[in-house]
């Protein structure tokens, strides 16, 4: 596999985390334009851990996830009462505040006589962990996808679990869910925390993949994109957002010829797609349909019937 | 004068109306009774054009209404007083009435009609500049009726006018309904309060699970049986 | 003290355009009940049309303004037809994401046609600033303020004294009831969209003429400013939009003067977040409850 393909695949893997993050919140019925904030927090936290504090990669990534998750819970609490558009804009405001705070954030430590660390708008350079430890591109790619697979497994288990059902019920009708005895507030905060942590993992991976992050990257565009991936790929399954990322980055990035017109084409396709499939390609109906088809094509066991 | 034939209407896969047919006679009050979920509001919304029927026909004096947009249906002389009143909350009583006359251009006629509404509903006149959202339930109901009347409809549809109102107000509303009919308005009315409805209706239909299961005049069925089926549905329909 | 007052004056001036931007935004949301993320980009398309007219024909400010308004309105109708009209009721998120996709489309199309980082715009007015004691007021700012207030008054007039305005307010008040009184809601929507985009176009022109340049970032800027001002004032409220805009302008002017442009933006977002957390209805209080249809 050539470097370019590895790069694109790594990118797809990393962005998938933010897409899944936005998707999880969509399940509970909330639109978030702000998951990029947790992506950023995860990136900076993990990067600081390895580059400034000398931590190994695994705990650094965990630290990134935990920081992002906690931040998400902290934001989730004052916004609990908000719904729909109000919640969405609150997340946008929060994410922009985080981005600007990173523009003002300077934390540098001298390592080998050189200052290393986040330097405001200049960004955070030299997150060189994978180079210093001779991890090559393919190995890191495998790490990204291993973590992504774990996340997907988590989603599959979640969809079958009571918590997952509770999330979807809250997404359908919050009042009704509450009347059924589901603690809506607790579940929403839980969802926010998990979603934040997910984005945080992606951020940590991103920081080490590119070795350099700057606040400019974590803007509204990234946030709305993350949301869009779920809508395009489909809201019926966690594979939906991944499909969305694949379509955007994978398909269109690799058609270099169209690169200059990428958004014009992509934008038009998305708009047309959403007219016929307002919940994405792999929407709930399609996923159920596939499930039914699968069940029907399984060989039937012979049933002992009543007497002749 | 007004005829619904074999109307089928659905929400996605769920068929709410499974072939509804009924007739409303000119100058009379016709009432549609039935338990919750029978499809009564769906029928009203379909007649008003908010919901499009899958099959069937709706004719007002011979002219086909099924498939027309709600605005065109209003122009043909059908006005609906919807369930839950649906007044324009941030607009005044006066403005709500003007909105009811939206399709009319005859300023003098509109002003005269508004004066007439205020004469019939003095409470609305007192509150003419007040925001409709701040009116009481009964006042909103009167406003919704007056607003619908502003388009000078040939057929007035009413969906659950007594919903959520205190008994005294309900009595008042039904007095108004009877009075409107005496003055010549043809009324087709959906009601949960079968007792009050049967007092004013000349004819009634019973709807259960998307179908008409009975039609007749008050007195043809013992009132208790009607009321029981209106609230609970007949055992046959439920089975 | 002098600074405080000067900043307030400057803030109110620029805030008046924010108010217009918020006005367009709030009208669209009121009628559609959905967020149009292509609002800013539509205004940007107008701006780009304006600069083309300026560069190609050396047109004066009034002609350029007309071009901006037309461009914004046409872009607005394009967005409405593609992202909002075909969506069934309840597909609110789909509409929003669709409008985002078109945002990207419009932005890239604009950059392809006019690839430079910045393009010139004719000035709104020339002349020395007015001196009132220790305070100075720029002439172009004054023109902007008067135009913005004039247009806001015109919008108010249309809404409250015309039949079309009555229809819009009815749709905003209760869309089903609007159908029931015989309003052709389907025809009113694109008109309202075009009108709101045109209002945004005027606001955009005023800002661009004061800035004397247009950049591809303008679309995002308009969306964000309009959004913040709208939410501070209260979703769906016309006076709220104007008040929110003025307030945002003053807050920004003060923050920028004392703390610089980054803190300025930080404060703006913080105020927005605080308003949403404490009083989501906004300062004037809009006509909407806190929910937006979730189901696609």
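Note that the chains are named A, B and C in the order they appear, and that numbering of residues resets to 1 at the start of each chain.
We take it that a contact is a pair of C-beta atoms (placed from the backbone, for glycine too) under 8 Å apart; a residue touches a chain by one contact, two chains touch by 3 or more.
Only a predicted model underlies this, so the values are computations on that prediction, with no experimental measurement involved.
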item	value
Chain nearest the global centroid, as defined over all protein CA atoms shown	C
Farthest-lying chain, centroid of Cα atoms versus that of chain B	A
Chain A and chain C: spacing of chain centres that average the CA atoms, whole Å	31
Mean-CA-position distance for chain B and chain A (Å)	50
Mean-CA-position distance for chain C and chain B (Å)	41
Of all residues in chain B, those that touch chain C in their complex	48-50, 69-71, 74-75, 79-80, 82, 86-91, 95, 98-100, 102-103, 147-148, 151
Partner chain C, residues of chain A touching it in the complex	26, 29, 31, 78-79, 81-86, 88-90, 92-94, 96-97, 100-101, 103-104, 171-172, 220, 224, 227-228, 231-232, 235, 260-264, 266-268, 270-272, 274-275, 278-279, 283
Complex contacts: residues of chain C adjacent to chain B	163, 166-167, 169-170, 172-174, 176-186, 287
Chain A-touching residues of chain C, taken from the complex the two chains share	29, 35, 37, 82-83, 86-88, 91, 93-98, 100-109, 112, 220, 224, 227-228, 231, 235, 262, 265-266, 269-270, 272-273, 276-277, 280, 290-296
